[in-house]
C-alpha cells in the first residue's frame, strides 16, 4: 500500500451501535475504509475491533484524529490505539548463540516483508556479532548472571530508550526477563520451541523426543511475568517419526521457529493483534 | 445461538460510507450486531460484506426488514440476500454408489452440526437405498443415460420443487449436470476428489498416483456449466508416499472428501459464502 | 492383498547380522518378502523390525513357522510376534454417550478399511444401544461407580474372554481403567481429545480455549496405568482462531478424533506398531 | 554421524531372496547395518532398496566394495549406486534475481544441515553477485537469450566440470534448460512455485489467485526435458484466503519454496531418493 492509512484498534464493553459509531466517525470525515474486522467475546462481554482507512481525502489532519476519536471513545469506556501505516516501528532483536531466527528476521526486513527498522541487536554472547556487523546493525554484548541481572537489565532498558525501540523480539534469547523489566517495557515477543502448553520450560525437543510425540510445534507469544504463559500470537507444527533423533527435531524445529516468529512479528507490526486477559485476537 | 438472528449478505461497487450505512441501518432500528466481516476486492472495485444481528429488540418485524433495506441498497447498486438463522434450509443429497459422504452428512445433520433438514436423496443407482430407509429419508432412483438425461433431469427438478429443496449436495454423484439444469437450479455444491485445478476430470486418484505426487487433496465447489471449474469453497490435503497404492489414495481421500464437503456445506448453510466471478469469499 | 502373508515383529539387542538372519530364514524357506522395515534406537541399543512375506510357496506350514523361528530368535534374546494376514482380529468398542467415533469405526469396518470383526460394544450409559442394535452388534450396559468398579471390570473381562476379543478401543469411553484391568488385558487403544502432553486430563477443549491456543489436536495411544501417559501411536491437529468457541473446538475436535483413532486402530490391526519403553515405532 | 558409512542404492526386477543377498553381502564382510529400507512396486515388478552400514570394522576396503558388490548385482540385473557418507558433494546454485532460496541454502550449508560444499553460483542476472561475494562463493554471470543459449549452456557445462559439481540446484533460476544440457548433466533439482501438476508453467501465483484456490503449494523435482514434468521429490502447501492478494501468495510461497527445496536437496544429498519412470521413492 503506497498511500498511507490510519489503523484504529478498539476494545470496549459490548453494546449496540459500536460498529455504527466507529464507521460514522470515519465516514463523516470522508475516510474510505479498506479493512475492518471485529470480534465479540460474549463470555467476557467484550467488543474488539480493527479498522483501517485511507488518509488520502480524510478531512482530519492526522495529529487531531486521536483527539477527535477520544470524544467518542470515552463514553464507551474504550481502550484504543491509533497507528499510521507510514510510521516505521523500530525493532530490537535479542539473541543468544543461535542465528537462524536472526538471519531470517533480517532477511525479511531487507526483503520488505516487515515495514520496520532493526537498529539494535542485544546478546548475552559474542557469537553473532559478525552477523550484526555484516548487516551494519548495532550489536551490544550484555552477559547476564544471577548477580548482575538487575544492572544488566538497566543497561538493556537504556539501550531500548536510546534507540527508541518499539518492539523487542526474543529470537532464541534463552533468558528469562524479570517482572520488573516487563513492567517497564511490555512489548516483547518470544519464540518458544514447543507447541505450548506442551513442554513449557527447558529442553522441549529433548522432552518431546522422550515422550515419543508424533508432531512437534513452535509458539510465538507476548512475554509476561510467567514464563511461557503469555498470550499466544501464532503456532504451527510439523510431523516427526521414530526415525527423527533429537538433532532432527531441533533441525525441523528451526524451520518452524523461523516461520512462526516471522508471522507473529508481522501481525504485530501491522497492528493486527489485540490482547485481552491471557488471549489474543489476531485480525489476520 | 438460541435467539434468532438476521444475516445480510451484500456485494456492491466499492465506495466510501458502506460500512457506516449498513451499520446505521441496524443500529437505528435497535439491532445488536454479533458478527460483521467485510472484504474489498480492489482490482474488481467490489465491496462484499456479511453482517449478522439479533432479532431480539430489533424494531423492524422480520417481514419488513427486506423492504426497509432495499431503500438503502438500491442507490448503492447492491446485490444482497437476507436470511434468518431460524430458517431451516432443506438439502437434497445426490449419490451414486459410494456411501462415505452420505453417511457423514446425515450423521452431522443428526448431530446438530448442520441447521438443516435432509428430506431427499436422489441416486442413479439403487445401492444406497437401504441407508435412506434406515434414516427415514425419501430415496429416488433416477438412472441416467445420454438419451434419457433431459427427461430424468426434468424429474429431478420436479422432485426438488416438490420437496422445496434449497441446496443440492453432490456427495459423490459422479454425473455431470446439464447447463440447462444449473440454469434452473444453481445452488449445487460438489465434492471433487482432487486438489483442483490439478487432476480435473475423471480418475484423479489414478492420475495422482501415476504423476507421483507427494500430497493429494479434495475440493468442494459450486457447480457451474464448466465441469470442475466452479467457484471453490474449501480445499484440504493429506500427505502420501511411495508406499501408498491407488487404493490407499482412495481410502485417504475419502476422509478428505468427508471433511472438505462438510465444511463447505456448513459455510453455505450459515450464509458465510459470497460468490463473485469465479471466486468465493468465505467469511469463516 | 488376496493371498495371505505372514508378519513377523521382532525387537532385540542391536548386533550385526540381524537383517541377514531374518531375511535368510525367509529366503531359505522359499518366502517372498513384500514388506520389510526396521529401526535401530542407538541410545537404547535396540533393533526393531517388521517383515512380511507371502505364504504362497513358503515351504514351512504356518503352524511350524513359529517353532522354526524360535530357534533363531532365542540366541538373539529377541522378543517377537508372528501374525497372519488372514487372521481376523476381534474388536470390542467401549463408549460412553458420544457416537461419532463409534459410527466411524463401524463404517470403516463395514467399508473394509479394517480387516477385523466388531462383535461387542460395552458402555457405561444406555444412549448408544440403538446404534449397536442397528448394526447387529452385542451391546452391554455396564455402569461404573467407584464402589462397583472392581465387580464391573470383572464383568468386562469376562465379556472380552467370552467374545475372544483381541483389541479394546476406547472410543470416547471417558472412564479410567484400573491398573489391575490393564495388567490382565493390555491391548487397549484410547483416543484423547488433545495434543498430548498438552491438556492431559479432563476438559481439554475448555482448557485449550482458556489458554488461547491457535491449534488443537487429538492423540491415540495405548492405555497404561498412568492416565494419558501411554505410548503415542498417532496425533494430528487442526487450526482454530478467536472466532471458535468451546463448542467449535469440540466440533472440530470430533473430526480429528475420528481420523486419528481410525489411523491408530488400522496401524495396530496391520501389526505395524512396536512398543518399547513408553514409545512406539510405527512402520507405516 | 562421525564414523563414516557406506550407502548402497539398488533397483532391480523383483524376485525372492533380494534382501537376504544384500544383507548377507554386508554381514559376511562384518558390516553393521544402521539403516535399511526397501520398496516393491508390484505393478512395475521392481524392487528398490537403500541400505547403509558402518565402514568401521567392515572387512572390505572401500575401493573394492563396488567390485565385490558388482559380482552379486550383475545376475540380478540390478542398477545400483554406491556412496560414502564422508564424501562431500559439490553443489552449484543457479539463480536469477530472487535471493530467498539462495540465502536459505547457503545458511543451511553453513549451519551443517547439508554435508556439501557450494563452490559455484551461476546467474543470468548480476543482482545477487554481492551475496556470492559476501559468502566467498564464485559467481558467474551468464545471460541467456534464445540466440546465445547453446554457447551459454556450453559455458555453464564447462563451469560445472571445472568446479567438479555433483548437483545443480535451480533456486528460482526461471529459465528452461535444453534437452541437450539435461542429457549431459542430469542431476538437476528445481523448485516450482506451485502444487504441481496444478499451475505448471509461468505465473502460477497469479493464476492460483485468479482460480480462487484456498491452498497454494510448492514442488521440488528433478529436471527433465519436459518442463515441470520431472519426478517429484517433495511438496508442501499453505492455506490462503480471499484476504491474500497475489503479493501475499508470493510472500507465503517464498517460505514454502525455501523449505520444500531444502528438504529435497537434503534427501538427495543423503542418497535417499531413487527415481524410476517418472516417480521417486524417498526413503526418508
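As written, the chains take the letters A, B, C and D, and residue 1 is the first residue of each chain.
Following the convention adopted for this analysis, contacts are C-beta pairs under 8 Å (C-beta built on N, C-alpha and C of every residue); 3 or more make two chains touch, one makes a residue touch a chain.
Since we're looking at a predicted model, the values are computed, not measured.
Asks: Compare the contact pairs of A-D with each of B-D, C-D or B-C and report the one sharing over half of them by residue number.
Replies: Most of the A-D contacts reappear at B-C.
Asks: If you tally the C-beta contacts, which comes out ahead, A-C or B-C?
Replies: Between the chain pairs A-C and B-C, A-C carries more contacts.
Asks: Where the CA atoms of chain A average out and where those of chain C average out, how many Å apart are those spots?
Replies: Taking the mean C-alpha position of each chain, the two centres sit 42 Å apart.
Asks: Would you kindly tell me how far, in whole Å, the mean C-alpha position of chain C lies from that of chain B?
Replies: Distance between chain centres: 37 Å.
Asks: What are the residue numbers in chain B that touch two or more other chains?
Replies: Residues 243, 284 of chain B touch two or more partner chains.
Asks: Building nodes from the protein chains and edges from chain pairs that touch, which of line, ring, star, complete or other describes the result?
Replies: complete
Asks: Quick check: in the complex, which residue numbers of chain A touch chain D?
Replies: It is residues 99-100, 103, 107, 111, 113, 134, 243, 251, 255, 259, 262, 284 of chain A that touch chain D.
Asks: For the complex, which residues does chain B have touching chain D?
Replies: 39, 41, 195-199, 211-215, 217, 231-237, 241-243, 278-282, 284
Asks: For chain C, which residues are in contact with chain D within the complex?
Replies: Listed in rising order, the residues of chain C that touch chain D are 16-20, 23-24, 26-28, 30-38, 40, 239.
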